[in-house]
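Heads up, the next two complexes both have chain A, just with different partners, chain B and then chain C.
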Partner chain A sequence: MNVLHKPKKFKIVGQGIPVIDAREKVTGSLEYGVDFVLPRMVHGKIKRSTVPHARIKRIDVTRALALPGVLGVVTHEDAPGLNWMGVWDNYRGQILDGISRFVGDEVAAVAATSVEIADAALDLIDVEYEPLPAVLDVEKALLDDAPQVREEGNVRDEYRVVWGDLDEGETQADYVIDQEMRYKAQNYAGIGRNACICTWDGDQVSMWTSSQTPSELQTGIHQAFGIPMSNVRVVALPSGCSFGLWWSNNFMMVTALLARKVRKPVKIELTSQECMAAVKRRHIEITRGRMGVAKDGTLTMADFSHLMDNGAYGFKTDVYFFCCDLWGGARNGDYRVRGVNTNLVTSGCMRAVGDITMGLAVERLADKCAHKVNMDPLEFRIKNQIKSGQQLRMQEPRQHMKGNLTDYIDGLTEEQTGNWPKMFHLSSGSTHELLLKGAEKFRWHERWKGWGVPTRVNGSKRRGVGVGTGAHCCGVEFGGNTSSVVRLNHDGSVNVFSAAGRQGQGSETTLVQVAAEEMGVPVEKVSIVTGDTYVVPWASGSSASTTMFRTGWATREACRDAKTQLLKIAAREFFDGIDHEKLDIEDGIIRVADDPADNRRIAIDELMNVLCSDSLSQTSVITGRPNGVMPPTIAFARQWAAQFAEVEVDVGTGEIRITDYLAGQDSGTVMNPKVLKNQVIGGAICGAGFVLYEGMEFDPSDGRVLNDSLLDYKLLRTGDFPSDPEVFFVESQDPVGPFGARGAGESPAAAAGPAICQAVHNAIGVWVDVPMTPETVMRAIKENEGPKAMAS
Partner chain B sequence: MTRLNVNGQSFDVDVKAHEILSDVLRNQLGLIGVKVSCAEGECGSCTILVDGVPATACLMLGRQGERHEITTIEGIGTHDELHPIQEAFVEEQGFQCGFCTPGFIMMAKAFLDENPNPTEEEASMAMSGNICRCGAHPYIVKSVLNAAERMQGRHESKRTTGSTGASA
Partner chain C sequence: MVNRSFEYLRPETIGEAVEMKAAHGTRARFWAGGTDMMLLWNRREVAFDYCIDLTYVPALRYIECSGDALRIGAMASLDDLDLKSDLNPLAAALGHTARLMCTKQTRTIATVGGNMCHASPSADLTPPLVAMGARCRLLGPDGERDLPLEDFHLGVNETALAESEMLTEIHVPGVDGKVAAHYDRVARTVVDIALVSSAVFIKVNAGNRIERAGVALGAVAPSVIRVTGAEETLVGRDLSNVNNGVTTTAGEEAASAARAISDIRASKEYRTDMVATLTARAIRQCISSLEGTA
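Then we have the complex of A and B:
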């Protein structure tokens, strides 16, 4: 299944060109949401709840409206029944509904001629709360007599992935090991904040904001306000680091509501504290698991039960985990996930959702099994992880299909499946080659001394090495379809219109590379619009590692369509009616492919201006769009990461330092190695932050976020991660993705935690809870009575 | 009126007593390269140079800018004529989203003016006052080292071609 990639066949794919907005970024001229302004714009501020759960008994805005400069106020009375749903159930509810569900929840908003006046007016809104009992603990929220956060109740339906028979797996096991892991919520801590600028012109609404998901935001506004999608224009601006924070957020809907009320362009700019305490965060999660292992190192069963809190407005049923596929070699498996609401700030999908948490629990428990049978963690992974061509454990589309899986597959016609890979089997790649290559590069077999055995001891400082693996999807079809439109202009230049986000992952550049490669034109001839829903066709945005795989596919298909139209004209007008499929384009010149003797050449711009024999005019501008459909992505495509870390732990202070790092990535064909290596290391640093420092603290009395500032919420800085990590790629070509490429952004974040945690274990002989702050490390060492004691 | 000397030009600006320097630079002078994120002096996105010394513009009052030479990212290079530090950040891709980038570049400018030949460790330490959430850390440090070479006239541009086995 793995076709070896031959880079020579590509001209633009695989080139490490600078991202197309690099100059704007280094000169500071790139416009983000907070930078955007409109003429006649006024300013809005949001009044936020001070209590975790209450009915608003009375809200009086008289005094606020009397303040000079205040133009209007909106409360829940202005928003009866305005319901909407965010991307991937990250928000479900009304824009404002008269019930406060967490400290920081939106209660009202003010528009005024200045930010200062709007801010002052917030204090003049009198709110009388009728307190309701609040639930601030995810396990308590499960109980029958728990206060209910939502009308639908707290607990979502359980989501399950099951194969084989657990009882059988237990019988086959020589050892069964159990474990519980509890995770604090990680804060997106997005540098860059966000603002939303919205204006109504009659019943047409236009919105500018930083968003990864322009199309879904358009749908959200359409839902909330009940106006046609054709009347909704969203211009998604580039965002600061997002990790899933800026999709479609309720503060954007509040801005739209306020703009409709005052009939002026309104800008609401969030403070850093609002971004860190009142928008969204990663779920608080608890994973309980049991794994069975035979003496020969075969995993006989994997039994996991996972609980996640949705906060107030999240509505997710599961965390979108792909660790069950990664460890798909386990003979029997049962993974269960439940989502539960709490009176805490809304939670949602943060980078590598599920796989950074549940995946870490699975990796750690697998490590404990490997330890039990005294097997090298690398060998154990090779033995028990999925290989290309094997059946996937997650058969998710079931719940979205009419009928069952067999009905679905049997119902597919040959015309539909033509070149499709085998459904519900892994189409390409795995961790196998990454682990082998990585072991060689990292000198794993030399450096790994055994479980809980440091590679070096120097006074109180112990070094250890670890390996971790991660997987994730490459987009998911039931998040919405994918499409792309390209336009070939008379001068031979190309416009690409693809819905995507620009949160720093470089999609605007890599999509241009896809288009330039397929059209046979230099990169400079291609320009792209990603954010304006007045021109881009609906497509699910840059979430779930979608963009390269699905939007890249659509972009390539659209280019193919445009190219076919162009070559048909060329064949007729210039190449004496030759079969157009014999023509090709290179560097913007059309010629007969594979026939060096034929010296006929015509440039695209020349051909676009030839007077055509049918219309007696130049051809109209060519527009291309995908023909055919993309097969359901979740049924075959995954991305893979294997990472190797060396850490130094000071057993006197509990401090952990990462001293060496190697990251291997298999995302299929590499579109742009500079972009990809930045994604891979960025993911590793996100994962490293999660297991080393990061965790949100909530006030136990009312659930407010206590560390809502970068002063109190610690992120990794330069110096906290090696400055010379090595990155390598394995390019197992995907049969569907553009030029063999797949998704990339999330598996690297999932692999880092396991690698670092295992390295710490090997350095000090103890498994440490995350985040592994010095205090936690010291406690773990003490609890295990000395650094040599074993945890399991 | 408050006279502000910014990027080698003088401006007479109506600055209210409570106004923050970053707001004045952004809103009145249109210098949106002064990016503000935390607004409490922690992240360094809004780093400017005040008489050559790095400062977080979010922690200064507008009127404190008087009688100083202020330099923002707009003052060190332009789209068509990048400063060598900016060229280095482009080449090494020392960023992802780009929001924190002007702050890092301004910090790098002050650092390299003082230490034109830094080691990797020194560069890494010097950049640790600014926050990048995307995780471009190694490439930021490489950008600073690359910039040092460029500013000393020792730099040969690297070209990344091919896609296999690329290493960071």
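Then we have the complex of A and C:
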């Protein structure tokens, strides 16, 4: 197998073609979960818990069932032992098991002939709760005598990465600085809701819902209901922005339960309050850390301890290898992470999980070290961040977490792994070139005036600049399995079948570009199915910045397979038995590569006709699938971001305005610059929102979400971001990813926070806690007796 | 019980609208732009059997100067305010206020009357209008009343409107001559309601002496607060005499008049501090526009 990328002139890769569903999107005809309807469909609504932790003592549905139009009700009595483990540890647990674990947890559901009737019936379900002690605080949930939220207990195994010797690092340090940062939970807050539509015919289940992980949902249904995967059809519809929210969630299982009960297609459409308060959110997190620095700017140690609350059904514990990788230049390190359950709404992986939080703490502490030795933050990053070829720090402990390299390669031949990049070493890219190029474009050296020194002061308005960096994986673990199947039709057109989400990230377009490039056909000749598990091969889904790298790899390999089959026939039938590897396809025409003098040409469709009319061939189409073994991405590939921000802070009111923005991205080969630019800016706005305004507020008495609408959950709008942010790319070719491409979606979200926080610091001379609301800024200024010109 | 419905009524004249309201009393609600009503309806915070849509009553939609008054019809939209900014300095201040509100899309449907009648403590138009000394006209089957806007707002979502009355006009009398007004607020993102706000109105005589001043605060009490202490600090002074000391004192007066509370948007302390900052800034803004025209 040849995994090494051979640079060549691309025809389709790198083209900024419009996304393939652009027309449907702008004309409003694209069908999302909420738009989907089936004949004979009825409507479901979920009864949600009003208490944070309780056993259901008695649940009486007779009044609800008596309401005309109500077709059925499900409670925990209909769901004995129903649970799912999911595919990642991200999210798992019971479905309707008679225990409520947060305000908003599912306790029952009603199906009725209209939404209004179902809604009215909810009030007619009488629930008697036996309250259990609840734990609403992540640190309290750690204590031995804390109420336990899950059967497995609250506290997950610690995940730890250690290298070098901390004591040694402390001795080498001239200064050791410590810091604690606390983060509120970010709400996914996608501008869109979701619905799930399910039918149950015999033991055949079909489900339509907006999801970024169709196969995982298929597995979940298979596990929960014990039916063969071949009988589970999940059709993942586009979700619009998902960021991890529309992965797989309990309400989908509840829809399946209701459909089984009433034997009719059932649709549960969530309200925006349900989407914002009863599904999932980012974790509440706390990072404590110490960093040691020598006078010459060498980071001698990094010692971090991180805590994240999983809410009721989250199960996360491992994320932070991205941060330790990025700052892996620190000579000695110790990173510890724990996940803990609480009686708050479930948390799950949200875009740049861990990076946006712990990554920000690491970047800020590094900034403080740079400040201490009076070094430019840009130089400090270049000096201490990992470079291509260096060892990744995540190696040892990962071996014990889930999956490991030994198992992954067990049974593989030397031939299969021979071309793999060196395991646990960074294969390509880093922040280095991004920082250099960015500094030039942003005029960093001219604009940066020193630590805590504004670039400009105008009355109460102070401007400052900042730089931040981010990294992320390109698909997780030693699993993250994926596949792809392609079918070459009579007319030379190609169907691609790949399980992926359509969450606005444009994968359906970029995967088509991969296929068209490899097959040598125009993009118009390729169409793709991403959501229907009846036809797409199993894949872990669009999470962890996987899709371009791993599913893109599988798609290219599948095309190679189909192409090889095709070229072998062509060689035999039309090119006098020439070695098929000498042939190539361009614009759908097969010819001898690199020999302009040879004017033999045959179009794919002509060849396919020959194939079909050959009675011995017993085939009508050519199908391709990946033949090789994909190396475990986690062990070598990362994506990189470096971003530069200028902010203006009003020191009279604490308001912050972003006045200039530059984002650099290294995701390897750029498959589609428009799609990538969109990812980068979207990520930057997500990260900026997190550090400026976003944060979920929970009622201290019962943990209910207080800001469950956009009135008080403040998202950045495009008007809150500069209208012309600039994006540039560095294309360090990846040795494995399709045509040298890697992942992209998450590192840009990670780099924004550090850049903006540092810019604010430089504008006003004070570090501000996040979110940096106007009030928090004013408090920080007061506490630090900041700028005397507290102009009013 | 299950299906919520209402009868939709569409008057074309003010008279018809008042008649309809008189006929159905509390069972009827006026629908102006519906931007508040829609939310109330969705959250089941409002119930009515008749919806009187005022959109097709052209006589309610105008912004004009007549005599010494600026007159704004109840159905003038927030966007109309923006578009009429160059009518006079007060219209300019209201136009500036409107541009801080909602989004262009929402501004084209939301109305001035709706903003007043919804009586939200954070409604942006209330502080500048109260500072200017605006009055409102209410029309019912028994005739018309005219009362200061300050007395129109009684509390959160509470107004002086009687069961069968409607608001027809907001007018600001006595604003010929040299006037200026400025409103500002602290908000989180470009689309947000005010966390705290302050408005200042100043009128000077021919000799550039302040003869009337209005200071009003938003989002720091159930209804808008007039800060007479700050107004007294300003009245009688020469424009050139309004130095930083004066604006700071006026700001402090405003802060002590505020009755802010803490909620998930902001704390009492922050709101109180900002009242002082915003008031002092608004005064300086008015002074510099007056000096520009002096």
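Simple rule for what comes next: the second predicted complex is superposed on the first by the 743 of 792 C-alpha atoms of A that agree within 3 Å, B and C clash if a C-alpha of one lies under 4 Å from a C-alpha of the other, contacts with A are read in each partner's own complex, and residues count from 1 in each chain.
Just so it is clear, a contact is a pair of C-beta atoms (placed from the backbone, for glycine too) under 8 Å apart; a residue touches a chain by one contact, two chains touch by 3 or more.
Bear in mind the structure is a predicted one, so any value in this text is a computation, not a measurement.
Visitor: With the two structures laid over each other on chain A, which partner does A:I117 touch: chain B (first), chain C (second), both, or neither?
Guide: After superposition on chain A, A:I117 lies in contact with chain C alone.
Visitor: With the two structures laid over each other on chain A, which partner does A:E775 touch: chain B (first), chain C (second), both, or neither?
Guide: So A:E775 only meets chain C here.
Visitor: Check whether A:Y693 is in contact with chain B, with chain C, with both or with neither, and answer first, second, both or neither.
Guide: In the superposition, A:Y693 contacts chain C only.
Visitor: Which holds for A:E655: it touches chain B only (first), chain C only (second), both, or neither?
Guide: A:E655: touches chain C, not chain B.
Visitor: Going by the touch definition up top, name the partner, chain B or chain C, that contacts more of chain A.
Guide: Residues of chain A touched, chain B against chain C: more for B.
Visitor: Quick one: classify A:G190 as touching chain B (first), chain C (second), both or neither.
Guide: It touches chain B, and chain C stays clear.
Visitor: So, A:F574: does it touch chain B (first), chain C (second), both, or neither?
Guide: neither
Visitor: In the superposed arrangement, does A:W538 touch chain B (first), chain C (second), both or neither?
Guide: Neither partner.
Visitor: Between chain B (first) and chain C (second), which, if any, makes contact with A:Y175: first, second, both or neither?
Guide: Neither: A:Y175 stays clear of chain B and chain C.
Visitor: What is the contact status of A:L715 with respect to chain B (first) and chain C (second): first, second, both, or neither?
Guide: A:L715 contacts both chain B and chain C.
Visitor: Taking the two structures together, which residues of chain A meet both chain B and chain C?
Guide: After superposing on chain A, chain A residues 711, 715-717, 719-720 contact both chain B and chain C.
Visitor: Which residues of chain A touch chain B in their complex?
Guide: Residues of chain A touching chain B: 5, 7, 10, 13-16, 18-19, 21-32, 34-35, 189-193, 238-243, 271-272, 503-506, 669-671, 673-679, 681-686, 709-711, 715-729, 731.
Visitor: Going by the contact rule set out above, which residues of chain A touch chain C in the complex?
Guide: Touching chain C: residues 69, 114, 116-117, 120, 652-655, 693, 697, 706-707, 711-712, 714-717, 719-720, 773-775, 778-779, 792 of chain A.
Visitor: Chain A touches which residues of chain C in the complex?
Guide: The contact residues of chain C facing chain A are 1-4, 186, 188-193, 195, 247-248, 251, 264-267, 270, 273-274, 276-278, 280-281.
Visitor: Which stretch or stretches of chain B touch chain A in the complex?
Guide: Residue list for chain B touching chain A: 26, 31-40, 42-43, 45, 72-74, 77-79, 82, 86, 89-91, 93, 95-102, 105, 120-121, 123-125, 127-142, 160-168.
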